[in-house]
Amino acid sequence: MKKFVNDPKQFVPEMLKGIALANPDTITYVPEYNLIMRSDAPNNDKVSIVQGSGSGHEPAHVMAVGPGMLDAACPGDVFAAPPADYVFETAKRVASDKGVLLLVNNYTGDRMAFEMAQELAEAEDIKVATLFIDDDVAVQDSTWTVGRRGVAGNFFVIKAVGAKAEQGAELDEVIAVGEKVNSVTRTMGIALTACTPPAKGAPLFELADDEMEVGVGIHGEPGRRRAKLVSADEIVDELLGAVVPDLPYASGDRVALMINGLGGTPISELYLLFGIAAQKLADQGITVAKSYVGEYCTSLEMAGASLTLVRLDDEIEALLDAPASIVNRIF
Amino acid sequence: MSGSLADVEFALRSVTRTVLDNEKYFGDLDAVVGDGDFGYSLARGFEIVDAQFDDFDRTDPGVFLTKVAMTISGRIGGTSGPIWGTAMLRLGSALKGSDTFDAADVVAGLRKAVEGIQARGKAELGDKTLLDSLVPAIDTLEQQIEAGASPTNAVAAMAATARQAADDTAKLQARRGRASYTGERSIGSVDAGATAIAVILEKLAQDYQAR
Amino acid sequence: MKKFVNDPKQFVPEMLKGIALANPDTITYVPEYNLIMRSDAPNNDKVSIVQGSGSGHEPAHVMAVGPGMLDAACPGDVFAAPPADYVFETAKRVASDKGVLLLVNNYTGDRMAFEMAQELAEAEDIKVATLFIDDDVAVQDSTWTVGRRGVAGNFFVIKAVGAKAEQGAELDEVIAVGEKVNSVTRTMGIALTACTPPAKGAPLFELADDEMEVGVGIHGEPGRRRAKLVSADEIVDELLGAVVPDLPYASGDRVALMINGLGGTPISELYLLFGIAAQKLADQGITVAKSYVGEYCTSLEMAGASLTLVRLDDEIEALLDAPASIVNRIF
Amino acid sequence: MSGSLADVEFALRSVTRTVLDNEKYFGDLDAVVGDGDFGYSLARGFEIVDAQFDDFDRTDPGVFLTKVAMTISGRIGGTSGPIWGTAMLRLGSALKGSDTFDAADVVAGLRKAVEGIQARGKAELGDKTLLDSLVPAIDTLEQQIEAGASPTNAVAAMAATARQAADDTAKLQARRGRASYTGERSIGSVDAGATAIAVILEKLAQDYQAR
């Protein structure tokens, strides 16, 4: 296992400690609950925004804490939803008069933990609501599953509800904006290599040297199909071919385009993919008005990328443009 | 025949040991079409059960199980925390209020546990989850008890059913949990949760035998 | 080769096109010279800052273009210094009345290209100066080599000279600040895997499953030694053990600490390393006053990390704090 | 014996072909202790020389080489662009101003090229660079010419010297270029640039033979 790690069981806590030490003035870390929160939260004039999920998707979601984004995040272990207690405690600590919005990527474990936490919070008269994010078009037959998965598109939901909350909006307004963004956001990913959870110490699946996994999940779940590795042009065709017709996005639309790295792919390749995708969208009459290239929601050190489109309107665009800053910063 | 706190402690020690001993195996089972964390998640929770074993409130067998259940759902993440925590909580609630219980109480408690799992996870029989070995195993337990079997024999029969049922999950397509995203590709490998139930019951049967 | 790529020869141009399409309002791309520049450069009230180097180190340096940072960058092919002509053309296009500062990581090829370019530029009466960056302590015997290499520490030099230039400082003042920052900056890196240049299609070296390369270069050059992979704690000891005594950094110092990913290591592991390093520095009485965690100067998809320390004084700290924004952004 | 533009064209075609045919081999040599881009860098430059071969200014052999040199330093990056570009520029300058040249002019031009390489790269003989095969090869050329050898034989002898000298670089520790960072680990493998000179001269000798 080629990782920087001490005891794999301490992987998440040691990462969280690093986040706290890198942001001593703005971030509070509560080890008992894997809790990272804005030191100035809660603000009673503002809905508090919380997201928890499994770890291993960094910068999502612990590093998305900051003004205009999340008030707190409480990750579980690698690829495991947080225990309900963590979520409840987090909601309690950032509970504001305006309420708490829990953002949940749509997976069985996460749904259950957040539902339990919501019940516990309501029992203590905390005003709380839950919003599910499910942007992954790779899951085709959702009759039998828990439905589509939440993946990189959650960044846009966080950004929009975070901005709306900063404006002092009420809980139901914040929820409405989040649901709207989720409803116009679609993602599809592709893996070139598997990933290795530290506690497992071995890759979750094997891909031959000339293979890729199309529609991969961010927990190493197999995707729609395994295929021969093809050129970047063809890969972009495959991703756009799944994402564009799904909403559908159509000629005349203004969109945000995100090329998200899955953890092991260098940013040079992500910009290369972005250039190809932006060009192909322009050829279809779709205008890329906002661009996002980098790592937003990863799967440990998996080599791969996902492509997300968000159909913009003036409201969404203004929310995406609003100032924000997070733990994960350049300067 | 009636059971007491000592019986619950005996069973829970056995289960705890099995979960801790099989961390890697359970994880590998989950990695085939899931995300490989099942063994790890269970072990992190039962590790604490193990460490705090002597400290849980022992007012009665039900209270004891309830406290253990809260530790489990407080510490285990993923799907398994809510599922296993809820199951043990329901079983504990069913046994609460009396120092002893009989075999029929256990069956009724386990039925409540199954209801709890279904309330939380919305899974049906045949969706390829731990229910697919747990429910037939409870059925067998009930039949054995009605037929007057000894606890030792009843648990052994229960384990045999669970094993068969767990193996049979290989034929099923996963419809719940992380594995369900793989659709037809989930066919051909057994469900991690269902197999864990079989392994746990087999060890429990052995331990009863040796008691 | 597990990469998103079309024709490997077009890897760099296609990446640059992606950068241009993602930043249409602020960036100008000149394909003939692999040139990425601020669309509003040159500004005659400001020294222009240019860096060129081989590609494959992204975000360095093409993605470090923007206000308060570089005015332009002209990369060569992967791991190859740009041709002198590219550098000359770039200097010409951003030439301002206050002059042009060429930043060069200290490698043979880069030195030669920039020296030739400076001669060409001076022949056309462009006011130009060159500053070499050489922060890599891994190179021990520099009597015989071209000297120490420039690696992730170049981020701090760019940031400082970029801020100084924005203040309207003269060329010699900007150079002085750059030299000062370079003189108090030290880096050491460690690789867990090799990297694969797209045109080569195979890894530059092989590391066994339980091996690491200590003091690795960012072009796959072997490091000080190959060793058994050890725990994150021990790795941080190794890196600090090389970096701290080199300047030396001493109890009472205020420093900037950077944990830089080499391309294939997820940010979770980088924060884990950061937490350990910050703690160990605190134990030595060294205060981490500014923190940087993420990818700044990579080596394609190499799994690995480098640790950089900068000894701060009020001037350097103010320059690091000055506002800046670059191509490579989150929002 | 005297040379003309046709001779320079002939030699340059041979060199160009060799560089393009050996892109991968030269890169692999550089990957041992360098960064593996040597073959790629050279090939990207000579590819353009090849494509524009008929378009270079042919006022005289020296002008022709000068123009080729500018293309090379304009397109080849890394260490090799400045090194090879400067070398060809100096050789071109030495031959400029006349339609013909003799063997002594070539030797003098190559000496100027070596000076240019040293001015740019500050390498000494023994630093494990292309100088370590180029300089002895030029010495041999000079001796052969003084001894009255035919051009074909002189180039063949030159190639043999370059090969021997290139192989001998395996014993040296790199002190310039990317390979120098590896210190003692560079001992045991030949220098990429020195070997490229040998390969180029061997092919040139063959081509002369077949001319």
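The letters A, B, C and D name the chains in turn, as written, and every chain counts its residues from 1.
Simple rule for what comes next: a contact is a pair of C-beta atoms (placed from the backbone, for glycine too) under 8 Å apart; a residue touches a chain by one contact, two chains touch by 3 or more.
Just so we're clear, the structure is a prediction, and the values are computed from it rather than from any experiment.
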{"item": "Shared chain contacts [chain A and chain D, defined touch]", "value": "C"}
{"item": "Centre-to-centre distance between chain C and chain B (centres being mean Cα positions), rounded to whole Å", "value": "54"}
{"item": "Distance between chain centroids, defined by C-alpha means - chain B, chain D (Å)", "value": "75"}
{"item": "Length of the line joining the C-alpha centres of chain A and chain B, rounded to whole Å", "value": "32"}
{"item": "Multi-chain contact residues (two or more partners), chain C", "value": "none"}
{"item": "Overall pattern in which the protein chains touch one another (line/ring/star/complete/other)", "value": "line"}
{"item": "Pairs of chains, among all present, that meet the touch criterion", "value": "A-B, A-C, C-D"}
{"item": "Chain A - residues contacting chain B, complex", "value": "9, 54, 76-86, 107-109, 112-113, 115-116, 138-141, 144-146, 149, 197, 199-200, 204-205, 217, 219-222"}
{"item": "Of chain B, residues touching chain A in the complex", "value": "27, 31, 33-37, 40-41, 44, 73-83, 85, 120-122, 127, 173, 175-183, 185"}
{"item": "Touch list for chain A against partner chain C, complex", "value": "2-6, 11, 14-23, 55-56, 58-59, 63, 159, 192-193, 209, 229, 231-233, 235, 263-276, 278-279, 288, 291-295, 298, 300-301, 303, 305, 320, 324, 326, 328-331"}
